[in-house]
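Sending over a structure as structure tokens; questions will come in a sec.
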């Protein structure tokens, strides 16, 4: 059986070779299956390709796509639920091994549509040396918003002429990240951006507005955060260059920062107001509907292989992604890794507090609406309330068509 | 004409057929797996007219084009004249001007991202020496579009220069000598002999400049994704977003039709007006 | 008004020495022709004077002022290019007016000067055409107009008449000559046509392989050519050059290695004289040229009308002594003055 | 071998009738010159014959075969262009060999033919140069070489000699003539230089404003010009055309409205004859042209050598009766034959 | 070249301006070189004595089969450019030399291709390629680009500027239409071919999205797609790796242009029509 497998690579490095290694291993175990693993750019490119290929009649059997694309994929009617393949006890045990928080984002209408694969969560990186220089305890990162502001103030450093040389905190707000990290802020404030049916958003909920107000206050009122929009792509550099003392980013960046930072740094779970919370991110494995039954069966085997405890542990070590299975964390490899890099464990511990990222029908469009609103408010072009109300109205218009 | 056959076949297959299909698509709803396309008349166009992002994209694109076309062409001409003169290390200078054309936009975008980075980015480091640092070029809606424009001009000018250079080399030196004998200063030679003789090239480049002004969005995909708050949103990037981000192919087709109409209009004006007035030697 | 002087001009390209030490000086308001065979460096000399090429060595002076390093526009020189160099994007009128308009001359004056020059050149009906719509000759007249309208004190012309027909050319010669005199211009005129040079110029610079072969008035060039080259270059058909030893015992008293030159128009058919055989005839209307052979060496004789010789006929040739030129066989240089006492007896029998 | 004939050719561009009903026919192996002032339609006629322009009306025949609608390459015609049309990307040898190589002639033969033609044209040392590295004259010789090497039965030449110096031009004339005869070519040769046409051509087609003014042998053109235009176009300086009424009572017996034409070389200074005033002199080496005035009308007289007249001097002019041409004042056409009995007495006193 | 007769100060000014502009223009490239040969620490710090390293290149080179990608790209570019030359030359020749009724209109219609973005037609072109059954081949990458209105326009213009007498002379010499094209027009348009070829080489060397979509395997994937692995910003920009990869991928092109540019300029001069 021939399987086509599309996957994106989001982390720098020779990861295609790692994937090729997994595939070779899988083919050795299943000599009758031939997997054609195709690196297909970033998530957007991969989705583009997968949909284009499906429309032109030769879809992939398996693909790694964004967890949040699930509604789009269902709407496009191109994927098959994973749970239809579950038959044996073994299968059930495999399924039960996933962390529930990750499974939740793949469950719609009573079906499980995807298997969690390369998952991540947002964490806070902080510069321990800056903490020490400011007279703070480097082992006690802030736990609440108030503490965050307080610590931030201590970490904000100005030069003689009043220019800031080190900001307390940075939260990227560029178009590819704002909605994700804002999801964390909202969750910390006890709110949520969308419901689990993917047809409703809560952008104008007071909790959401408050969260945005807090983000803005960080720079406007407390002056601990740079003004304007912080670029997602350059934020790690900002952190490593000492421009930011604390930075919000993905766990996926851990190896990069670990390799290149010239100072001691820590990884902290997110603070809360009052409940600490973060967001989940990353990609799941989807099985495509238009493949033959035989291919789909093989594809399921492949999915199971790719999400075995050992493999996910290894993938997590190679990339910095969070292995979405508890039993992965029990493997020797990952245990040894955590011992060596204690920061890696923060993500796992935080997962209990993490919420799924915003996910709706027409996910990209709704996200875009939210992002525009966030950026309008962050750049002072409108108030949080105005921006979010308008965004909510637009989201309503888009989503109302999908309610039954 | 047999000579035209291959070109016609290829163009039909990869330009005309898809174009016509796009126009037809714009009158239908987007087919989703669960809901097939149906005829919706002008509904997509109505949506478009009410769409603030579309309006923003149009305005941005007009600014973008209005700055890029004259700037890149002017610079290209200046560069061509410079490297056509006898200067030290002419080969290197030509190469330098041409480099941006060879650099892949994906990589270039990242390098420029560094230039624009606040505080430690190159531009801010330089400005910092004058106490004017701390600018968030890409993060500020007031400057983001201009930052993008700079990159585009940088990328295009060297490309256009090559054509001006080629045209300059074709001007018979005796014409310039005659002008010089007649007492024309360098600027007069430029204005009254060189520029008129370059007119066919200028027309050609201007067509290309218009196209680039509406087509070059790679760096937006890589750098700002239209943000912040759509301040760098351009028409083609929006189409790309709608088509491959939102998967709303019908709406993308509608936007494409508008884009095609704009380009066709400009092109017709350019050719209709200019082709008549420009002689071919 | 203006004197042009050129000192030891040299221009080399890689190996070619296109101009190889050219020196001459014109008087003010003089009309000087630069004459020479194709490729001898005429155009190059002109371009050096115009400042369009940088001289390898030597200097150019106008009215005593060294302009060698001035740009062309500051030399107060106008020029007609051999390849016309008309601006293809401008019509005839604008081409002619280019210089005036560039120099900011007022519209009204431009028009006036245009109206003066255009009829002279027969361009009145073509003012709105583009160069590409003109015949070669018409183009050349436009180029001429552009140079003349500037009224610069020194005007250089690179074969401005070579594409015109005989009639127009004759008219243009007079026209250029009278314009030159009327405007008091110093003109340097390149041509490879000796007739043109002879009839128009006050003096002629005869170039050969980048060197000045002779710089003299037309009549000196004709009557006292400095060398075999000059003798043969001036006059159609060219001067006959004969080895003295061929001509019979009467010439034996000339020094060794002497060449004898006689112009075709000075040779007469006579009853006695040097025996020759008629080979062929060329008819030119007013006169004809008879080709003969003296002991296998060709000799041309020019006679008026159309004489009735038959090929193969034997004739006798003679010429007056004063029409005879002597040259050194090796250097090709003139041997002058001929010591009369030695030669006169030897030549007496050729007198009619 | 081949006869070229042209019937009522017309070519119009918008309003311009560049060629306006031209007809003539050559003999086989004939050398015909197409002569006329600038812009009269010579090049256009040639291009119509070559097939490079489509005729508006009329036909072209070669050996009785109508080729009007054949492409240029099928007409077995070669051509030398006025602007040379050398391929700038090819060196001299490749330019000359272009046609042979295009037609697939073998290398060895190409080389042979090249070796034969190159020395004739004096191009031996230039074979590797590009056209842009050649002087104008050198370029023209290359163009000539390219046309001649083809050995097509009919060869068209558009002013191939206009950029050559006098000496080279004379040589090339002979060369072209002898090549034409040796190869048995029919040649049509455009020139605006009547000397060239007269000395080379078997017959001359004289064009004016797109029409054939006269088609005749050179000597007929000279001795029996069809019209004032022909009379003035042939011969340098041109024929003097005088109003018969100016010449005094002896001419009164001529019909009304008659113009009298006399060539400058036929006028003699005499003791009696028509009184005239000397205005100026032009020196050409072998002879000079004296400008005189008869009652304010200019008359040119050509005399050998350099006569010693002063400006303003009064002289008397006379000419032989047979040298006198009569034309109708209105049509400009020749009045021939002159009824001898009526005129002879009137003219008798001019005889020397 | 004509002599430079300008004054020394003007010449100096020209030189200064030209060089200043040139430096400004290569700055990104210089920066790329800087970061690529230094450890990541110095990406934003310009210290003259920063340690040099080739690690970044080694890492990049080992990360993917770049040698294979190079071969693919070179093959692709050569194929595309040659095929474009053939197709566009034929069409341009027809337009420039044998205009027929309606050819102006057809030409205008051709020019539409200049304005129709391949990105917009991605999905439809993908189906066309798939239905032709050439997916994941070099042909698939090349096909939509072969009939380039850009090329046709350029060549037509170059052909139109060839003096008419040269065409006529060649025809008089017995050359047929194809011979006239190959032996007169094409050699005379050489500068245009060079310029266009160069631009197209640069374009296809750098083309990304379309090859990404229609290639699946290492044996067809061009270098940009390979480069894409390093250029993602999702996890933060790793400048040293990106710049090293960029240099690796454009290096041959830059070197080629450097070598080529002499030839380029010379050919302009040689073919210069007086």
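For the reader, a short list of remarks on this structure follows.
Going by the order they are written in, the chains are A, B, C, D and E; count residues from 1 in each one.
One rule holds in what follows: a contact is a pair of C-beta atoms (placed from the backbone, for glycine too) under 8 Å apart; a residue touches a chain by one contact, two chains touch by 3 or more.
Protein names from UniProt, one per chain: B = Sugar ABC transporter permease; C, D = ABC transporter ATP-binding protein; E = Carbohydrate ABC transporter permease.
Predicted, not measured: the structure shown is a model, and the values here were computed from it.
Between subunit A and subunit D, the least number of touching-chain steps is 2. Common neighbours of subunit B and subunit D (chains touching each): C, E.
Nearest to the global CA centroid, when each chain is reduced to the mean of its CA atoms, is chain E. With every chain reduced to the mean of its CA atoms, the largest distance from subunit D is reached by A. Ranked by distance of CA centroids from subunit C, the top chain is A.
Separating the CA-averaged centres of subunit A and subunit C is a span of 91 Å.
Rounded to a whole number, the gap between the C-alpha centres of subunit D and subunit E is 55 angstrom. Centre-to-centre separation between subunit C and subunit D, using Cα means, comes to 22 Å. In terms of their C-alpha centroids, the spacing between subunit B and subunit C amounts to 59 Å. Residue numbers of subunit E whose C-beta contacts span two or more other chains: 2, 5-6, 43-44, 122-123, 228, 233, 237, 239, 272-274.
Multi-chain contact residues of subunit C (touching two or more other chains): 52, 71-72, 83. Contact of a single residue of subunit B with at least two other chains is seen at positions 110, 113-114, 117, 120, 172, 174, 177, 180, 244, 281.
Partner subunit A is touched in their complex by these residues of subunit B: 32-34, 53, 110, 113-114, 117-120, 128, 131, 133-134, 136, 138-141, 224-230, 241-242, 244-248.
Within the complex formed with subunit C, the residues of subunit D that make contact are 36-39, 43, 82-83, 135-138, 159, 162-168, 170, 192-195, 198-199, 218-219, 221-222, 232-238, 263, 265, 282-287, 302, 304, 306. Looking at the complex, you find that subunit E touches subunit A at residues 40-41, 43-44, 59, 62-64, 122-123, 126-127, 130-131, 135, 209, 212-213, 216-217, 225, 228-230, 232-239, 241.
Touching subunit C in their complex are the following residues of subunit B: 172, 174-175, 177-185, 188, 192-193, 196-197, 199, 279, 281. Looking at the complex, you find that subunit E touches subunit D at residues 163, 165-166, 168-176, 179, 183-184, 187-188, 190, 270-274.
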